[in-house]
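Below you'll find a set of structures to go through.
Heads up, the next two complexes both have chain A, just with different partners, chain B and then chain C.
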Partner chain A sequence: MATINPDNHGLRLATRYVVLTLIAVIFIFPLLFMVMSSFKPDLQLLRDTSGIRAFLPVGDLSFDNYSAAFKRAPVGTFVFNSVLVTGVTVALSLFFCSLAAFSFVFLNWKGRNILLSIIIATLIVPFETIAIPLLLLVSKLPWIGLEGLQIGWLNTYRVQIIPWIADGLTIFLFVQYFKDLPRELIEASRVEGASWWQIYTKVVMPLAGPVMATAAILKFLVMYNQYLWPLIVVQQETYRPVMVGLQYFFQLNTAWGEIMAYLTLITVPVLAFYLVLQRAFIASIASTGVKG
Partner chain B sequence: MASKLTTSNRAGWAFALPGFGLIAMFIVVPFFFAFFLSLTNQRLISPNPTEFIGLSNYKNLLSISVLTIDPETDADGQVLIGDDGQPSYPAVRSFTRNNPDFPQYNGMREWFRWQSGDQAKVVVAKDVVFWKSLRNTLMFVLVVAPLQGAIALGLALLVNQKLRGMNIYRAIYFMPVVVSIVVVSLLFRFIYDGDDGLLNNILSALSFGLFEGRDWLGSESSALGAIMGMSIWQAVGFHMVIWLSGLQTISPTLYEASSIEGASKWQTFRYVTWPGLRNTAVLVLIVITMQAFALFAQIDVMTNGGPLDSTTTVVFQAVERGYGKQDISGGATISVILFLLVLTISLIQRYLTREK
Partner chain C sequence: MKLTTTLAGALAASTCLAGMASAQTDVTMWYHGAGNDVEANILNTLIEDFNGSQGDYRVVVESFPQESYNDSVVAAALAGNLPDIIDVDGPVMPNWAWAGYMQPLTIDPSKFDAFLPGTKGMWDGKLYSIGLWDAAVSLYARQSTLDTLGLRTPTLDAPWSKVEFMGALEAAKTSGTCEYAFDVGMAWTGEWYPYAFSPFLQSFGGDIVDRSTYKTAEGALNGDAAQEFGAWWQSLFTEGYTPGTSQDPADRDTGFIDGKYCFSWNGNWAAVATLDAGVDDVVFLPSPDFGNGSVIGAGSWQFGVSASSDNAEGANAFIEFATQDKYLAAFSDGIGLIPATPTAAALTTNYAEGGPLNVYFGLSEGQALVRPVSPAYVVQAKVFEKALADIANGADVADTLDAAVDEINADIEKNSGYGH
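For the complex of A and B:
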């Protein structure tokens, strides 16, 4: 191997950083373009695409596009719906999936292995292949609410929440995590006379912070970014989430400034959230790669 | 291991049932329901009772055959040459519309043709749009799965270097993953635009004006490619992170050993890194393939399947029929075919990458 002289080393280091930075530009610039454009009037926005100004906060900047977007569509309602559906689903998912995983890992019962195998098998069924039969199913499901018995779940919050609570991946993540906890802890608590519910709430869940964060982040991304499902089960704008609300902006006359404002509005909070919790986000994706 | 202390059928079922019940109800039941529906003529809302119609949904979607057409000849048996210098052929219609001599082609339409000697071979199908969606989806999978996997690995190797600031680069490369593909699709509609699109302007600036610019999504030859590029851009960070976690499981002592042995960079990658990434590679390939088969949002937001069905996909067709035309059984049949396709490809991948 050739000896490395300091200059050569410095040059190679610089090359590496140049390569890394050029790639970073490819990932960042489209998003930067989106945010910058959202503050520019349409004419300037189109003119700016011809140069570096597209990525810079220059010219006539204002929040006009934002107020126009709120006028064109009930943006507040869309955001509220998304936050509600995402929040409730994430919370219920953490509870139901951890409870099931707890039972699969720590309890012995008849049927345990079969049920777990079925759950793992669902991992190879893409949602897209069951969307249409599920649409028919939920259109016929009954529901008992304040107004008495109703048939059909279309155009509701529940149709956006309940089918997404439990999924194979979330249960699988909890199972993998619980398997690494010391079983003696559980058995000792049993000897002391703790009930299963007490062991779940007082012993196991306090130790489950990391896997809760992972499962919550993954579910959050899935739920907030929902598109196909709400598109086919929600026709009323009162229940529409943000991604379906996009349609208001590209169907009639296309006003790119308003579109960019709406895109920025629904994306930047998530990006900020990501940048703050960057390590947790990346760790949660990495943990889906741990092969069981 | 089966200790008396932890045996409890009642508690076990009680804790597992809510989660399992939801999965059974909303994943397992619709999954089998799809098979059932594909054998019926179910519609979303219909005054008529549902009938069991056997395999005819599958026949309508999948019927395909090759029609050989002889050129038209004049009275002497000479082949007639058209204005374009090619032999002229009778219209495909004359074979596929109520022609009692060719009942097997009835109701079919031309997909594409090629010339074989004087004869024209015409591929005809009952549902040409479905076949196009199948072709587009397979093309998308075949290009995106290896390309995205390889780029993700390249990025993972780059940010796995022990240099200052790697965390920042890793965070940036991952950033598009947290942005919804729907948002990305709409944003790229503007970037790919033919008139004021950012991409055209950048390419033209980089080539000092040589690049003429094109309507990326408006042309049959570039629309699917443009969608592939964007999809890779959005999702590649996800798989980079999975590769990274694979890279970090490789023991540093192996790298020390190979550097003591004087191995080159390529040799180290080939004999240390790559073998250590086996399981990760299988996982990445299968995950990307499954995601690629599910291609829908990009199409719905960017092209609606056009131009000329050049970007329509299997999922897009399933949704357009099952939801758009309320033809639940047609949509369900496409879903079943898609599932069988995904399953077959995953099994083949598993077989090809099995431990030898």
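For the complex of A and C:
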């Protein structure tokens, strides 16, 4: 019979905590550097980078960089645009991709396996390779809105949202998760006379919390960090997102303190979103084996 | 009756005013200065002045961040969404003109006779763009350092020779007063490399491309002069004179100010910050003469008209309006760059006779050489950058330059000579 040596157990526990603490410190240091630097004047910020002072709230600290950042760029507009585009895209993506996955897993229709393979294959196609054809397409697409028929989607929110709603990774995540759900649940619902829509809304989706959280976080990060696409389809400041806005701070003499203040401000929504969903995210990873 | 007449008169007057306002055709303009308040304010004043000066056109500006501006313009050109007026970085202009994004200006070129050469965007014998300012690079040093090391202070008429310059670097290195003798700014990548370093190559007698035909880099970038330049360039790093490609950007920004570097190769845009940081005895020295004359880069942002503009007349009218001395001086005072004309320089604080940066006007006038005027330049700049970084990191000089020549020539061939 195996016995636990209390000394070894304590040592192992201590080692584990030391390693985990070190990893946590490595991950937290860039954020700490960003936040601390956001309160320092440029010259001090640059001089502090050579030592531990870079991570400490020492020297001439103030909110000057924050007020300067708001003066230099419409930070509120950029954050609003990113949150709006990201929020709407994430919501629509969860809905449509889960529907697609539901169809692939639970409905029997000809060619679904081939189509799923094609969709998963799109994961290896970098966006940069389709950016220009997509640009040419959206610049000619019609749209019927309050102002009547318009040609071209450039300089709108929809051009930043619609092309990003459906993607292979999100569909794949849902497919994998749905495959692990007990088939008996679906069959029992069918026997009870439930429609497919009812099974989707009342049976499957209530069980899909963890994968929804995972898909939402991954999609949120992709959308919030969008740079190339909005750069080429949005020419008006009114619609620019945060990452394009970051470029406002790279002038001939780069305003490093303002950059740190701006980055601190735009990181807040990401951290808040992750903190809200982190439990479900971890549960989903643990249950599906998908590495985020 | 009197009230009716008054109302009718007011109505007629307001209708006329509204009619006049609406009679102005919108001329759209894109500008690279988003995030720069000072620049934006001057530009807005200029636009307001223009819009108020006539009744035909109303310029409407959209500003972009400089770092991503070129990508935005190219994407818009592909999507058929360019504005009437675009501003364009001087060395990029030939590419945009060749690609059909721009049309020649219709302003009489003789109006710009007094402008610095680097401010004129010429392609295929035509003026496509005109700049309100230029930029220049110089060798930053402290007068006290020169005196301590017993070095002659070089002038525009008598710059340091290669021997004198290398002697200065060696003296600085052996004195131990600085961590590195010479900071060339390896932490800055991209356009900085061809802008700041190709003049060294040109001073050795080489170039990025053969300017007599623009159809090959053979001989220019890998001939004897270029090989000599490459060896010299590599020696800066192997001899420990210069920090390499891993230079901390923070050191690039403050190294000279902090005394870490004895000499620094930097642009006029950093001069005011250096003075403000308390380096009172800073001197801005001309580029050394490596045998083929002293050379510095030239060409900054310029205004041009897009090929698809329906309001080319209004766009040209605005550009001509913008090139008045008072606006050249206003931009220079605001953003620190060199005004395009001597008469505008005289109106500025920094570049007027006796001003702290007056030397730059002379440098720009006397030493400046624009980067290769070719649509191929945008590719050549990247090839040149990679080659110089590789050589700095120890790559074989001859092989690296030969490979760069092959890449440049292949690109020229692939594009059927780029119209040369």
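Keep this in mind: the second predicted complex is superposed on the first by the 228 of 292 C-alpha atoms of A that agree within 3 Å, B and C clash if a C-alpha of one lies under 4 Å from a C-alpha of the other, contacts with A are read in each partner's own complex, and residues count from 1 in each chain.
The criterion applied here is as follows: a residue touches a chain if its C-beta (ideal position, glycine included) is under 8 Å from a C-beta of that chain, and two chains touch if they have at least 3 such contacts.
These numbers were taken from a predicted model, which means no experiment stands behind them.
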Which of chain B and chain C A:F250 touches, first, second, both or neither: both
Touched partner set for A:K71, first chain B, second chain C, both or neither: second
First, second, both or neither for A:I132, with chain B first and chain C second: both
Chain B versus chain C as contact partner of A:V270, first or second or both or neither: first
Partner with the higher number of touched chain A residues, chain C or chain B: B
Partner chain in contact with A:Q235 - chain B first, chain C second, else both or neither: second
Touching partner for A:G111 - first (chain B), second (chain C), both, neither: first
Which superposed partner A:L43 touches (first chain B, second chain C, both, neither): second
Footprint overlap on chain A, where chain B in one structure and chain C in the other make contact: 46, 49-50, 132, 135-136, 139, 231-232, 249-250
List of chain B residues in touch with chain A within their complex: 2-3, 5-9, 11-20, 22-24, 26-31, 33-34, 37, 42, 44, 155, 158-159, 161, 163, 167, 169-184, 186-191, 196-198, 201, 205, 233, 237-238, 241-242, 244-246, 262, 279-280, 283-284, 290, 293-294, 296-297, 300-301, 315, 318-319, 322-323, 328, 331-332, 335-336, 338-339, 342-343, 346
Of all residues in chain A, those that touch chain B in their complex: 1, 13, 16-17, 19-20, 23-24, 26-28, 30-31, 33-34, 46, 49-51, 54, 96-97, 99-104, 106-112, 115, 118-119, 122, 124-137, 139, 162-163, 165-168, 171, 186-187, 190-191, 196, 200, 221, 224-225, 227-228, 231-232, 243, 246, 249-250, 256, 259-260, 263, 266-267, 270-271, 274-275, 278, 281-282, 285-291
Chain A partner contacts - residues on chain C that touch it in the complex: 30, 34-37, 62-68, 71-72, 75-76, 78-81, 248, 250, 253-254, 258, 267, 269-270, 273, 277, 335
Residue ranges of chain A in contact with chain C within the complex: 42-43, 46-47, 49-50, 71-73, 132, 135-136, 139, 152, 154, 231-233, 235-237, 244-245, 247-254
